[in-house]
Amino acid sequence: MGSFLHRHRGLTPYLLLAPGVLWLGIFFLIPLGFLAYEALQSGIFPDFKFTWEFSNFSDSLSGYHEQLVRSFFYAGIATVACLVLAYPLVYWIAFRAGPWRNLFLLFIVAPFFVTYLVRTLAWLNILADQGPVVGFLRDIHVLAPDGRLLATTFAVVSGITYNFFPFMALPIYVSLEQIDPRLLEAAKDLYSSSTQAFLRVTLPLSAPGIVAGTLLTFIPAAGDFINAALLGTPNQAMIGNVIQSKFLESLDYPSAAALSFILMGAILVALLVYARIVGTEKLTG
Amino acid sequence: MTDPRFNDVLTRRQLLRRVAVGGTVLTMPALLAACGGGSEAGGTTAAATGGGKPQLKDVLNFSNWELYIDTPDTLKAAGINKPTTLQQFTDKTGIKVNYYEDVNSNPEYFAKVQGPLSQGKGIDRDIFVSTDNDRFLGQYIDNKWVQKLDKSLIPNMKNLIDAQAHPPFDSNRDYSLPWFSGMDGIAWNEDATGPVSSVKQLLEDPELKGRVGVWNSMGDTLGLIMLENGDDPAKVTDESFDRALARVQQAVDSGQIRAFYGNNYAQPLSKGDLAASMAWSGDIFNLQSPKLTWILPETGGIIWTDNMVIPPGGDVPTASTYMNFVYDPTIAAQLALGAGYISSVKGVPEEAAKLNPKAAENTLVFPTDDMLSKVHQNDPAMLNNPDYIKRWESVQGH
Amino acid sequence: MTTAAETVALRARAGLGARAWRFVKRHTLTVYAFLVVAYLMLPIAVVILFSFNAPKGRFNYIWEGFTFKNWIHWNAVLGISGALETSIEVALVSTLVATALGTLMAMAIVRHQFTGRGGTNLLVFLPMSTPEIVLGASLLTLFLNATALFQLGFWTIFIAHVMFIISFVVVTVKARLIGFDRHLEEAAMDLGANELTTFRKVTLPLIAPAMLAAALLGFALSIDDFVITYLNAGATQTFPIFVWGIARVAVPPQVNVVASAIFLVAIAIGLGNVFSQYRAAKR
């Protein structure tokens, strides 16, 4: 067998790729094809007919652009919040934690080991209207006497931030950790303050991590629906809630499929804009 | 769009004749079996002798809502010192029941099972339950995605109360039988607010802003609102729908409504995150919390019924035998007291009084005639109208 | 005109101020780090705490009293053990298959130049950049259109999980392979080993850590997945689906128990890894 592979060197990559590509082809690409087919259907469950119904796209866009914009807004804020919260933490882990760095990395990943739903439900307990946190905030007048944290935009965005935190933190850590320590020493020698050294050397070198983290956080956050469902009011509904409701409650598959493509398209556009801003080399690599 | 089934009404004579015939068919094989010495004691399967008494399986798979059956804890709380009805069924017939509490919402359950059901394939269940004030029960039956009951094995069907004998979705009761009914009303948490006695107060009182819950199901929420508007929820017109929906939209926009809930309003209401909510009679009964009070609004409430149906692949004789068992008034009474919902079986209030006189006085489980006169059913046409459905999803934000 | 003594005293005080500032600067970051970690751990602490609660009623949000009963009778809630079992089985099987397929793909991408390399990279990247709801819904569409071949249940969940785990495996193993020293393999072949033996005895052991890391990541993703599984599970229940269902009414303490148990096992493995690396670092 070894000599067969040796003689057919050119085949090797294709043979290696075949099973995985086949799997993704059948169970990722073809379903997207079916979804596209469905997006051009019309009718009422269970009688759908293929009618090149492009109006599904325009109708969905006009009907739900509010939720779409809102999703990107929430995902954007959450991504920035994750970045601001995570960066100092992983900086500390990479440069100050010494032998304990793996322990702290474990702390970052740990929330992931508690089921997504269970940890979001825990926030419902912690931030309850009659609970200690809200009570305290009311006492120190950060919240109005009848103010609340749950069922607000704040709660939804906070939930998204909390749930996607590791996706931002870990890529940044990886790129910080890979920085050659000699570069850091040189920076310290060159620049008068450590702040300068950070801004001129460390930060730019960690840029690939920041880019990766931003993408890994923003993209799933834009399509999330659980945080909005559990922590928000109808006025916080995101595009993910609309898609879920159309698939599972109104059973309006054509609209749901059209909305799915609109969401993917919007994410792609955002990606392209982002790539233009940060430079494409940082994205691939 | 008149449904021809609305015209199909059994006369009393026809009904009696059918029951008589059914009864005979049932007793004959039993006689033959006794003569021939067929069935084993405590039989797992009935011997298929002569008159064609069907073989029963030894396992029944039953999908139901949560907290919808008597359990050792609830029986203890109700002061009933007997095994659960499921246990009694197994003791009596030898058939083991695998009881699954995996029906969480009518649309979700439908989405889960419509794939196999539409192909005539089974879902590994003999019975599941669906509510009549959602459009799915009608769809299961209309599309023939459920099997016909074997009424010959359900003589106790004669105990079905008259009000449930000819529902619009199954006028002959060929496919379904009621499990429990419940009433839609309003409940409030006295730690969080004073009494909330009307839908108007619920939707418009600024004191309650952001602490009000309504349901995510159209029939329940809009039904209550229509009644307060003076409209009939059983005969919905575009105008009455618009009027009711507008009030909901207004309450959403003003931030009055915290969220649209399924069964999950009970915890926020208990916690105080919700001060008041539209609520189901049985939920509040089961919570047994002194802080929570449930009332039927003066303008009226909605009554809905969950129905048992048999999916393809389910064993009709076994399922029918179980249905017959729960239509025995004593069993039905124990179920009602143990689950806290309203039974559709005749004679249940009297049997319940025998089991526990105090518990039988609870009007949430045994509503008075006055209450019953104030509750209405939903219009199936409204539930199936695609435009209404779309607008109902919109008002919820999606 | 200051005396020398006064100048020294002045400088000492300035030194004190500067030292104090440096102390604050140095430790602010540490304090911040600990605060963030506390924030991350807070809900988990609540989950674990309330797994020991003895609620009087149906709801588990008020502390009523400590008990071990929930842990002893973790199985008392109908359906919880079945759901947990299904979750673990699906995770094991799908992780195995995805790791194998993904590693093969990573090897092909990193070590060979071939036409379609860019396309393959794109194909791997796309599932990671598609929202879960779209992944799940499109797969459901496939299954609903081919019900003769696919019955919604354990195997459709398995298929879905392999599909979204492969990308993560490829990315993880690729990163390791890129820094891989080919000379070791060449040396082995010079010494007479054929390609298969080289792969078995040299390559595989060296990329094993990356495969393990990818497998662990895949396992975690599979056990925690809700959206994609929810849409494709039919009547089967995994643990997250079970939680979603039961949260419609009330979450019993046993759910906290199972979630805590999964967490503690994962943490134990993680801690074991941390300490072995700590000892290795000290050596």
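A, B and C are the chain letters, set down in written order, and residue numbers restart from 1 in every chain.
Quick note on the criterion: a contact is a pair of C-beta atoms (placed from the backbone, for glycine too) under 8 Å apart; a residue touches a chain by one contact, two chains touch by 3 or more.
The model shown is predicted, which means the values in this text are computed figures rather than measured ones.
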Longest centre-to-centre distance from subunit A, chain (CA-based): B
Two chains joined by the most C-beta pairs in contact, as defined above: A-C
Averaged-CA centre spacing for the pair subunit C and subunit A, given as whole angstrom: 15
Inter-centroid spacing, subunit C versus subunit B (mean Cα positions, whole Å): 42
Residue numbers of subunit C (touch at least two other chains): 61, 244, 247
Residues of subunit B engaged with two or more neighbouring chains: 271
Of all residues in subunit A, the ones touching two or more other chains: 128, 244, 247-248
Contacting residues of subunit A [partner subunit B, same complex]: 44, 46, 63-64, 67, 128-130, 148, 150-151, 232-237, 241-242, 244-252
Complex interface listing, subunit C residues touching subunit B: 57-59, 61, 78-79, 143-144, 147, 151-152, 233-235, 237, 244-250
Complex interface listing, subunit B residues touching subunit C: 63, 66-67, 99-102, 104-105, 112-113, 115-116, 119, 121, 123-125, 262-264, 266-267, 270-271, 286-289
Subunit C-facing residues of subunit A, complex: 1-3, 5-6, 10, 12-14, 16-17, 19-21, 23-25, 27-32, 34-35, 38, 85-86, 88-89, 91-93, 96-97, 99-100, 102-104, 106-119, 121-123, 125-126, 128, 162, 165, 215-216, 219-220, 222-226, 240, 243-244, 247-248, 253, 256-257, 260, 263-264, 267, 271, 284
Residues of subunit C that touch subunit A when the two form their complex: 29-30, 32-33, 36-37, 39-44, 46-47, 50, 61, 100-102, 104-105, 107-109, 111-112, 114, 120-121, 123-124, 126-135, 137-142, 145, 159-160, 162-163, 166, 170, 194-197, 220, 223-224, 226-227, 231, 239-240, 243-244, 247, 251, 255-256, 259-260, 262-263, 266-267, 270-271, 273-274, 277-278, 281-282
